[in-house]
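You will see subunit A twice below: alongside subunit B first, and alongside subunit C after that.
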Partner chain A sequence: MGLGRVYKTRSETVTALDSVDLKIREGELFGVLGPNGAGKTTLIKILVTLLLPTSGTARVDGFDVVTEYRRLRPRISIVSGGENAGYGILKVREQLWMFSQFYGMPSGPARARIDELLERLGLADVANRQISGLSSGMRQKMNLVRGLMTDPRVLFLDEPTVALDVGAARDLRQEVGRWMEEDPTRTVILTTHYMQEADDLCDRIAIVNKGRIVIEGTPHSLKAEVQRDVVVDLQLEPGTPLLDRLREVEGVGAASVREEDGIDRFSLLLVDDGVLTNVISTVERSGRRVAGLAKRQPTLEDAFVKLVGRSMSEEEAN
Partner chain B sequence: MNDRAEGARLFLKTIVARAYPRVVAANRQKSWVFFDLAFPLVGTFAMVFVYEGLHAPKQFLGFVVMGGAMLAFWQNVLWSMGAQFSWDRDNGTLELYAISPTTFEGVLLGMAVGAMFTTTIRGAAVLLIGSLLFGVSYSLSGILPAAGIFLLTLAALYCLGMLLASLFLFYSREAWHLSNALQEPVNFLSGLYFPVKALGAYVGGAASLIPLTLGLDAMRQVLLPGTPRFLSPGLETLAVAAQIPLFAFLAYSSLRFMEARARREGKLISKWS
Partner chain C sequence: MVVAPAARTWTGFTTAVRLGWAVSSNWTRPALFVIYAVLRPISTALILVVMYNVITGGRGNARTYLSFLIIGTAFWAFVNEGVSEFAVGILEDRGRFKMLKYAYLAPLRFPIFLVGRASSKLTSAAASVLIVLVVATVGLRLPISPLEVNYGLLAIACLLAFIAVMAFSIALSMILLAGRDAYGYGEIMAQVLYLFSGAIFPIAVLPGPLAFLASLSPLAYWLELTRRAILHGRVYEMFPNLSDGEVLLRLALATAGTVALGYLTYLWADRRARRKGYIDMDANF
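Our next item is the complex of A and B:
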């Protein structure tokens, strides 16, 4: 409640989290969505007891993260994207056993649990391979096994699929889902800047930007924010910048653009179909040529653009 | 099981688990033959030839061989204890230690136990090869006392290593600079290749803060009769023994301070801050 974190250096003061109020229910897969630098990782670091808040309080599984952190730690676990923790000279099974000991697990049950999870994630064949010889996908699956093997009450996943190929990311998501199904009281808090990942996985989502929660709700309810808008994908061949002019067109609720294969792909939220005429006129006046135009269903990305005013990539660039 | 017993069990498990990679590394990483055996031997040979060229008494060769063996421990304390937490921070391991129920003390002690095991094998190899090659003979009656002094010296040295681990996190983003900076001065001050008495009372007294200095000198005195006496072996042993609780306490306090500061400032433990 009222969670805040300010970093002070000699030259500046940075507010990474600003009065965040959040309630995550037991058994929920909760997504924290936002661009890089939005405050997601700071929030997670506070919740996993690595960082103290400068204001407010937070409880995880009933324990205060500041005063009861020693009692909380056995009940949580974290898996981060691009994680290289551990020692490359160890074999997969050895490394996992080592971490299990830091949680006080008896060696026998720990080894059995490790083997079971390695099997489920398709890593049984590399259980005796040195970690230094693993691909990044295998390594991240091994990290997930580390996170799951202690059966935490709350599992934190910090950008767990970043830089993974599609197959490895899918396997990870599937395993997280399966792990939660085994025990409906298990809770997962996921940070990501992949909208689709959040949409597919999460029961509820909080969109974070500039250290504040912009909105919180189910993926469905967030998309409903833009349900009444007309969502249009407009593809233009290269030319003069047009984003700001399109945003100024009356009836355009929000606009964002990304470049792909030499084509500028605009996403426009329009109040109604009639606005499209003004949009096309603006494009024609700029001298740019239309390469494609299509209406589509709203996504979380559209909700983000509408709520924040800019796309996630624009926020990151900013 | 009550909290205290559970804590002790977790502590012991952590020591064994963290020692494991060190012991395993001894078998899997063959490069140790160069770094921990060949290189110390080369340095030892060079000093032996200097003493032989000067027609120094035979026991000087013993000083050098024993110093060469103990050098492996100092290098190990610097690079595998002092710098280890910095490397663990850089690859994200330190964060995982921090959020697990275990303690940094258990992790460090495990590192120390594993390192002592492997380095003792390497140090013994240097001692054996050097002694055989250069015909160094030792006093048989001194072997048992020397073994006792050796264990006390190791305990004090690795407690110092545990202290260095958190100090390196405070004062250096690049731990290897600090390790480099500390290596040669300590090699000199601890009298690895000459009797400590040669340093004089003041420099020798200051150098005595390094457990290696007095420990090595005491071992030389009991194993190589005629070694120039800096202090009596008994007094030197007592001083080394006193350093164990001193460095252990400083290491503990430093770790507590580091952990509190890390949580307060978001630094030290996390790679991104």
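Our next item is the complex of A and C:
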């Protein structure tokens, strides 16, 4: 409640979290979605007791993260993405077993659990391989095994699929889903900046931007925020910048753009179909040529753009 | 199946020992590692012996000073390896292996993990003490007789010193963790202690305030008792007016002080590291 975190350096003060209020239910797969630098990892670090908040309080599984961290730690686990973690000299099974011992697991059941998870994640063949010889995808799967093997009450996944290829990311997501199905009281808190990942996996999502919760709800309810809008994909051949002018067109609720294969792909949220005429006029006046135009169903990305005013990539660049 | 807390702690500790051994001894082939572990302490001791002989020219009570020097240098390996390995281990786990936060968050008490992680180097330090003493006895005719060693005194002194070094090293590691770029400071600290603990010269030769500071350290009393236990009466004594019991009492008091100070420092540094977010910081290594 009212969770805040401020980083102070000699030259500046940065507010990473600003009075965050959040309630996550048992058995939920809760997503924290936002651009890089939004405060997602700071939130996770506080919840797993790696970082102290500068204001507010937080409880995980009933325990205060500041005063009861010793009792909380055996009940949680964290898996972070994109960090290439591991003692390279150790073998996969060896490192996992060592961490099971740091968690006080009986050796025999720990080995059985490790082998089971390695099998499920397709790592059985590399169980006796040195960690230094693993690909980043394999390393991340191994880290997921470490996170799951202790059967935590709450599992924190901090950008777990960042920098992974499509197949490895899919395997990870599948395993997380299966792990939750095994016990409906297990809770997962996932941070991601992949809209599709949040949409596919999460029961509920909080969109975070600049340290604040912008909105919270199910993926369906968030998309419903833009359900009444007309969502249009407008493709333009290269030319003069047009994003700000399109945003100024009356009836355009939000606009974002990304460049792909030399084409600028605009996503526009319009209050109704009639606005499209004004949009096309604006494009024609700019001298740019239309390469494609299509209406589509709203996505979480559209909801983000509408709520924040800019796309996630624009926020990251900013 | 439920595992008793004490058994869990012991298993966690022995696993950390295993981890430390695997990580710190695997940088080369086993044969090379053994050669390194043997040659390093011998060469360090011999360099000092040669320097000492050149400077003194074998005059006066040179033999008692030589014994003082060799025993001090041999046992110093414990402090050097302990202090620097703790520091290297914690910074390596954070900066290179990125595994520190996972060990830190595990239910095993973090200081126990740190002690286990550094224990492999303490074991090799114990081996190097033996090697240097054997070489000194055989090669330099140091008057050590295994039958005349006061093993009880030696064991108590080493146990107390071990506790003090652990407390100091854990606190130092956490201080380094609570800083940004701390690599190398562990070894520097070991070298500073080297000068202020009576390992190579009596602390009385230090300037007044420094000699007073050195007299608060348990290391000077430990090395004094070690020398007395091995070569009583045949080695230069730093505290000739104190009996063995009095030196032991001072060692016990200084150790208790170090443990108390180390514990408070650990709590402070741990909180600072969590406040600053340094436990999983991307740090240069």
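Going forward, the second predicted complex is superposed on the first by the 318 of 318 C-alpha atoms of A that agree within 3 Å, B and C clash if a C-alpha of one lies under 4 Å from a C-alpha of the other, contacts with A are read in each partner's own complex, and residues count from 1 in each chain.
Convention: contacts are C-beta pairs under 8 Å (C-beta built on N, C-alpha and C of every residue); 3 or more make two chains touch, one makes a residue touch a chain.
Keep in mind that what you see is a predicted model, and the values were worked out from it rather than measured.
S.K.: For A:Y103, decide between first (touching subunit B), second (touching subunit C), both and neither.
M.R.: both
S.K.: Which of the two partners, first being subunit B and second being subunit C, lies in contact with A:I78: first, second, both, or neither?
M.R.: A:I78 contacts both subunit B and subunit C.
S.K.: With the two complexes superposed on chain A, say which partner A:G262 touches: subunit B (first), subunit C (second), both, or neither.
M.R.: So A:G262 meets neither subunit B nor subunit C here.
S.K.: After superposition on the shared chain, which partner residues are touched by A:L50: those of subunit B (first), subunit C (second), both, or neither?
M.R.: both
S.K.: What is the shared patch of subunit A, the residues that subunit B and subunit C both contact?
M.R.: 7, 42, 45, 48-52, 73-74, 76-78, 80, 83-87, 89-90, 94, 98-99, 101-104, 146
S.K.: Touching subunit B in the complex: which residues of subunit A?
M.R.: 5, 7, 41-42, 45, 48-52, 70, 73-74, 76-78, 80, 83-87, 89-90, 94, 97-99, 101-104, 130, 146
S.K.: What part of subunit C is in contact with subunit A in the complex they form?
M.R.: Within the complex, subunit C touches subunit A at residues 1, 3, 5, 8, 11-12, 15-16, 18-19, 22-23, 26, 97-99, 101-108, 113, 271, 274-275, 277, 279-280.
S.K.: Which positions of subunit B touch subunit A when the two form their complex?
M.R.: 6, 9-10, 13-14, 16-18, 20-21, 24-25, 28-29, 91-93, 95-102, 107, 262-264, 266, 269-270, 272
S.K.: Considering the complex alone, what residue numbers of subunit A touch subunit C?
M.R.: That would be residues 7, 42, 45, 48-52, 73-74, 76-78, 80, 83-90, 94, 98-99, 101-107, 109, 146 of subunit A.
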